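Same chain, two partners: chain A is paired with chain B first, then with chain C.
Coming up: the complex of A and B.
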C-alpha cells in the first residue's frame, strides 16, 4: 500500500531524527503564535500588568484595609489624608481608600459582566445573521440598525427612569442592551466572509452539520475580532458606568464605585479644597481604561497575521 | 471500459445565481453559471472538465455535491437521485462523494492541526473509536506521502503541495467512491503539480476511485483523464475520450482551445486559431449557440437555435450545428 505512493512522495524526513526534537515537530497553533506576538508588545504587557494589579487590589481589598467602606467615622468627617485614613474621608466620614478598593470590585464587575452579556447577545445574533443570510439576516440587521440609532446615554437614562430604581443588575442590563449592536455587526461581517471560505465549504463537503460548521469552524476563526472587540468594550463600559454614576443614574449610594465617588466633585468646594475625594477614583478610572485599551490594541496586533513577527 | 456502468449520471443540470438589487432586494437578473449540462461518469474512470475561467466548471462540481443547491436537473449517483435527498440524508451520503479543493491555502481550517483535519470526516460519520481514528489518520498521512508526526502541525507550517496532500488525505478518509477534484493542482508549482497528479493516479488504482477532474490546464487534463468534457459559458460543448478529443476535436471552440496549447517543439508548424471578442456575460448569454458571437464558422441557425448535445458516434458528444448540417 505504501509502495506506490512513496515514489511520488517528497523525501520524508526521518521521524527519529534526533535533531528534530519534540518542540520542533509539534506545531504552534495560531493562538500560541498570537501569544508570542502579544508578549513582545511592551505597551500591552504594561497594560496587562496594570490591570492585574487593579484586579488584585480590588479582589483582596479586605486584606489591604481594615476599614469598612460603608462605615462612618463621625470624628473624622472630610478629613484630609492621615495615618488613620490614607486617602482621607468623605462627607459621611467614610474611608476613601477603602471605598476606592471596594469600588473597584463593582466597577470591574460591571465592566466584565456587561462585556460577557454584550458578546453573547451580539455574537449569537451576528453569527445567525451572517451564517443564514437572506431574510434572517435582513431582519436581524435592520433591528440592529434601529438599536444603533438610539443615543446610548439617552436610552440608559430612559430605561433607568422607567424602572425608577437603579441597581448593579439594572445597570448591566441597560449597558448590555445598548452595546450589543456593534458586536453583532462585527461578528456578522466576519461570518459573511468566513461563510465563503473554502475550509467552511470543505467542512460541509465532508458532511459536517450546520452546528458543526458554526461552532467548530467559524466561531474559532471569528474569535480574534470578538476578543478584541470585547476587551475594548470593557473599557468603554467602565467609563460609561462612571459617567452614569457621576450623573446620579448609576449604582446608588452608599455602594461605592469609582463613578459615584466622583459625584463629590460636583461640589465646587470639594473640587478645590478636597482633592483626595476625587483624584484617586479619577486616576483609577483612567488607569483601568488605559490598561484595558492597551491590552485590546495589543490583542488586535497579535491576532493580525499580516503584521510581521519581528515587529 | 465502455461497458462499465455509470456511477454518476448528471441530467440537465442547471444552476442559476440570482442577482438582487434595489431597495427590496428584488431579483433583477440571474447568472447562468451552469446551463443545462448532461454527462455521466463510469466507475473507475476519470472524467476531465475543462474550460476558461468563469465558464461554470467549478460551479458544476459544487452543484453536483449539492454544496450549491441545483436550480434544476437530476444528479443520479449509484442509482440514487441526490437532488431528492433531504439535507440530513444528503449529509450522510457525502461519505461516498468527497471533494478536493482548488486553493490549498484556504481549504484547511487554520485553527486545527492536520491530524484533526484528516480525522474530521471520520468523526462526522461516526466511524471508529478515537484510537482507531488516530491510527487511520497516521495511515492516511503515509498514503499521501506525509509523515505521521505531521499530524500535530498546523496548516500554516506546510507548503502548498503538502497542504494539497492533506486535502487529499481528508477526502480519502471515509473511503469515498467519487472524488470531485476542483482544480487541485492549479495553485501549485509545475514541479509539484506532477507529484500531486501522480499521487492521485496511484490512489485511484489503489482504492478504485472515480474522479471528476476539473481544470483549465489542458495538458494536465489530458494526462489524467479517460474522457474530457469542454465547457463554454455554462454549457458542455464537447465530450469525448481524451485521445479522440485532443486528436480530432469537432467543436470550433475546442479546436481554438487546443490550438492554444504550446507544443514543446520550436519548429512545429501549426495553425493557431485566435478567437476574437470577449467572453459574453453569463447574465445575458447569447441566443442560440452560446459560442456564435466568437465562432469563426458561425451560420445563421447558430444565432437562433441552441444546438443539441448529440452523440457523433463512439461516445463523442458535440453541441454544434456544423455536425447536423
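Coming up: the complex of A and C.
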C-alpha cells in the first residue's frame, strides 16, 4: 500500500485543468486504483487503524510503562490489578501490562518475518514452476502436494521436536518451512496464465531474457495476489506462533509473547482465579489477527478488477 | 469413475512412500535418542547399549528405515520408548475418543452452520446478518486454544455447567443411557471448541453460496413459473448451494487429527492429539512417526473421498 500512496502523492491532480485530470484517471496504475478502492472499504480502514495502534503500542512500549517485562517484583507476586500493576503480576512477580506491550513486539515480529520468508520460498518456487512448466513444474508441484498432505500443526511440532531447544529463529524457520505450499500454488497459477499473455509473449519475441521476463514483466503483474496472500498469511502465522508458544513449543520464557503469556492458563488455578493474566494477551491476539484479516480481505477486494469501481 | 479412483489411489502410493522417507529423515535428525535423557550414572553404559540394540537403534539408518517401513505395512508401528508398549495399542486405546470428539464437532458444525448460513442469506444486509457476519469474523480470528480457555472459564468455572477435563465422570460407574449422557456432557465443550472455527467459516461460505445461487437464471425461472418461495429455496437454491459442502466434509476428515491436538490438550481429553503432544514432549519417535503418517494418510483419503463424493452428487462433474 505504501508504494501506491506515494505514487498518488507524487502526481497531484490539478483541479483547474479537467483535461489533465481525465488523462491522469485514464493512466492510473492498477495499484492506484486498488488504493482508491481500499480506502473506501470501511472494514479495511478500521483494520489498518487497529493494526497501526497495536504496532505503535508495541514499538513505543517503554513510553507506556515504566516496568521491565523481565523484572520480578518480589513483593508483588500474583498480585491482582492495581495502580502500580495495571494488569497485575504473574507467578514470577512480572508486570503483566509491560509483558503484554513488549510481547506484542515478538509476536508481530515473528508474524512479519515468517510471512516474508514464507512468501520468498513460495513465490520463488511457484514462479519457477509456473514460468518453466514441463518437468520442473511437475516436480515442484508434486513436492508441494506432498507438503500439503502433512497436517500443518503436526508437521511444525514434529520439526520443532527434533531441535534441542526452541527460540525465535527456530520458530520462524519451522513455520516458514511448513507454510509456503499455498503461496507456491497461488504464484504458480498466476505465472501460468501470465506466461501466455501477449505482453509477455511479445517481450520474449523481442529477445527478453528469462530474468527480464520474470522480474520486469511477470512479477509486477503477480504482485496483487502475492500481497493479498502475504497479508492473510501473517494473520495465520501470528495465530500459529501463539498456539505453539501456548503449547510450550514456541518462544521460551522469560521472553514474553502473547502466546506464551497464555501458557499460565494451563494452570487451573490461574485459569479460574486470575483472568487478568491470560485474557488480555488472548484479546490482543484476536485483535491483531482480526485487524490483519480485515486488511487482507480489503486488499483482495481492492485488487479484484471484477468488482465494480463505483466511480 | 472407477478408473479415476484407481488412478488416484495409485498416485497416492508414491506420495506416501516419499512422506514416509521425510518422516523418517526428520526423526533421524533429532539429537540423541530416547535413552539419551535417561542416562543414569548408577546404571552402566552397557545396559543402554543393550536397549539400543533391542530397539534396533544401532543399525544403519537405511536399514532402520527399511525395518520401520516394512513393519508399518504389516501394521506393526513399533514400541513406544516412554510407555514401553506397542504404539498400535496406545493408538487403539485413544482413537475412539478422538473419533467421538470429531464426530460430535462435525454434527455441531453442520447442525449450526447450515441453518445459520441459509438464514443469513435469506435476509442479507439485515441487522441479524451483520451481527452474524461480525461474529464469524471474530471467531475466525480467535485461536482455538483461547476460545477453549474462555469456554472453560465461562461454562466450567463461572456457570459450572460442563466439566472441563476427561471423557467421563471418574468412578461414577454409569451404565446405559446415563453413561451416554455423561459422555456427551464431557465432550460438549471440547466439541464446541473444535467446531467454532468451522461453524464460522461454513456459515460464511453457505451464506455467499446461497446468495450466489439465488441470482441464477434458473431461480428466476422457478419463480416465474409460480413456484412457492419455499419450494424454490429447497429444490433449486439449496440443492445447488449446498453441494460444495460435500467437498469440505472430505477435507474435514483429513484434518481432524491436527484440530484435536490443541483441543485435547486444553481439555486433557485422552485422544490421539493429546498423545501426539505428549510424545513430542518425550521425543517418543515411534509414536510421533506413526501419528504423522496417520495424519498424512487421513488427508490423502479425505481428499479422495471429497473428490469422489462430489462427482457422485453432482452429475455435472466428470472425471476422465
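Things worth noting here:
In this text, the second predicted complex is superposed on the first by the 284 of 311 C-alpha atoms of A that agree within 3 Å, B and C clash if a C-alpha of one lies under 4 Å from a C-alpha of the other, contacts with A are read in each partner's own complex, and residues count from 1 in each chain.
We take it that a contact is a pair of C-beta atoms (placed from the backbone, for glycine too) under 8 Å apart; a residue touches a chain by one contact, two chains touch by 3 or more.
Note that the structure is predicted; figures quoted are calculated from it, not measured.
With both structures placed on the common chain, the touch criterion links A:253 to neither chain B nor chain C. By the touch criterion stated above, A:267 is placed in contact with neither chain B nor chain C.
Of the two partner chains, chain C is the only one that A:278 touches; chain B does not reach it.
Once chain A of one complex is fitted onto chain A of the other, the partner contacts of A:149 are limited to chain C, with no touch recorded for chain B.
In the superposition on chain A, A:239 makes contact with chain C only, while chain B stays out of contact range.
In the superposed model, A:158 makes contact with chain C only, not with chain B. In the superposition on chain A, contact of A:205 is made with chain B only, not with chain C. Using the contact criterion defined above for the overlaid structures, shared-chain residue A:167 touches neither chain B nor chain C, since it reaches no partner. Counting contacts as defined above, no chain A residue meets chain B in one complex and chain C in the other. Interface residues of chain B facing chain A in the complex, by the touch rule stated above, are 25, 62, 65, 67, 91-92, 94-95, 98-99, 101-103, 106-111, 113, 120-121, 124-125, 142-149, 152-154, 156-157, 161-162, 167, 170-171, 173-174, 195, 198-199, 202-203, 205-206. For chain A in complex with chain B, the residues that touch the partner chain are 1-2, 4-10, 12-13, 15, 25-31, 138, 197-199, 201-209, 212, 217, 220-221.
If you check the complex, the residues on chain A that touch chain C are 142, 145-146, 148-155, 157-162, 164, 235, 239, 242-243, 246-249, 262, 265-266, 271-272, 275, 278-279, 282, 285-286, 289-290, 293-294. Residue ranges on chain C touching chain A, taken from their complex, read 15, 18-19, 22-23, 26-27, 29-31, 137-138, 140-146, 149-150, 152-153, 157, 254-255, 257-258, 261-262, 265-266, 276-277, 280-281, 283, 288, 291-292, 295-296, 298-300.
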